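Just so it is clear, A, B and C label the chains in written order, and each chain counts residues from 1 on its own.
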Amino acid sequence: MLAPAGAIRPTGTWSLAARAGDFVYVAGMRGIEPVSGALADGEEARIRLAFRNMAQIAASEGAALADAVRIVCYVTDMARLRPLVNKVQEELWAGAPFPPRTIVEVAALNQDDIFEVEGTFYAPRR
Amino acid sequence: MLAPAGAIRPTGTWSLAARAGDFVYVAGMRGIEPVSGALADGEEARIRLAFRNMAQIAASEGAALADAVRIVCYVTDMARLRPLVNKVQEELWAGAPFPPRTIVEVAALNQDDIFEVEGTFYAPRR
Amino acid sequence: MLAPAGAIRPTGTWSLAARAGDFVYVAGMRGIEPVSGALADGEEARIRLAFRNMAQIAASEGAALADAVRIVCYVTDMARLRPLVNKVQEELWAGAPFPPRTIVEVAALNQDDIFEVEGTFYAPRR
């Protein structure tokens, strides 16, 4: 299991990520500040930080956002939050091909949060 | 990222599918007509088209429905829609082994849709 | 598709699990007694049995709980059930590293159940 320096710390019965062969599986990430453990203020900032937490963990195994082969986005309000997810992805992928995505509205997330993203990356061992 | 001819076109920050080694990851598919972009009329037709969209994309990488190794089905009404999902799968798999499935009722899907299916396929490169 | 002796039997259009290369994909498991097909009594017992059903199927392909590289947990009440999931995972993993986890509250599960877990395992062929 992976625990890169500077990443958020799991507080329960889960790990941040696992490498398996050429794949990196990152746990569902939310917009939690790695240092303080607090949720980011504001919906867009919260979503951006969730993606950045995911990206940081993937990067520790040599995978960029462009190497994501599946993301699943969980939102608690499709109409309001999906446009923000799109906006943040445009910004963070910065012209790289977007990954296959599934986006669904769930009833709730932990800590009454609004967004969680789960990413699977392809990062062949050299 | 994959963009096979004849498949639906992504309208946002996502791709239809990605190949990674021997696996093909298809984005969450809904019952959208590839040409018109309209949702299929009727619940059963909508579900069938979602599976067919998934199957068409997988086929472009040499994977049949029998090569699915995981599907996740998102419905907005378990009691009413799960029997339709079962019926459509019986028809489309046509005797081939069914894949491991997870089926959950979510609060909502994009466009107030009723069904979305996400498929992972095993398609070893020749 | 896998159908190990002693495991629950699928009643619909799905298989328990599939091996693909070095990976084992287990279908969403619930707390169903393999012999009687009945749901386990009590929330904690129900959750424990769901994990055990998953573990039993993975074990038939040589994968232990410590070989899980992704689990997705679906609960119908985050506040009440997540602590039970944590407790059961502590018990079953028994000191082994926990896998990356995504946990979301969904609107409903099949049979009005309360918990479903979907696991992906890394089990290289020898």
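Heads up, the rule we're going with is that contacts are C-beta pairs under 8 Å (C-beta built on N, C-alpha and C of every residue); 3 or more make two chains touch, one makes a residue touch a chain.
Being a predicted model, the structure only gives us computed values, none of them experimental.
Participant: Roughly how far apart in rotation are chain B and chain C when fitted on CA atoms, stated in degrees to the nearest 5?
Facilitator: In degrees, rounded to 5: 120.
Participant: Where chain A and chain C touch, do the two copies share over half of their residue numbers, giving same, or under half, giving different?
Facilitator: Here the answer is different, because the shared fraction of interface numbers falls below one half.
Participant: Distance-wise, how many Å sit between the C-alpha centres of chain A and chain C, to the nearest whole number?
Facilitator: One centre to the other, that is 23 Å.
Participant: Find every residue in chain C that makes contact with two or more other chains and list them.
Facilitator: Within chain C, the residues that touch at least two other chains are 21, 23, 72, 106-107, 120.
Participant: In the complex of these two chains, what residues of chain C are touching chain B?
Facilitator: It comes out as residues 1, 10, 12-18, 20-21, 23, 25-28, 72, 74, 106-110, 116, 118, 120.
Participant: Considering only the defined contacts, which chain A positions touch chain B in the complex?
Facilitator: Those in contact with chain B are residues 21-23, 69-70, 72, 76, 78, 82, 85-86, 89-90, 93, 97-107, 120, 122, 124.
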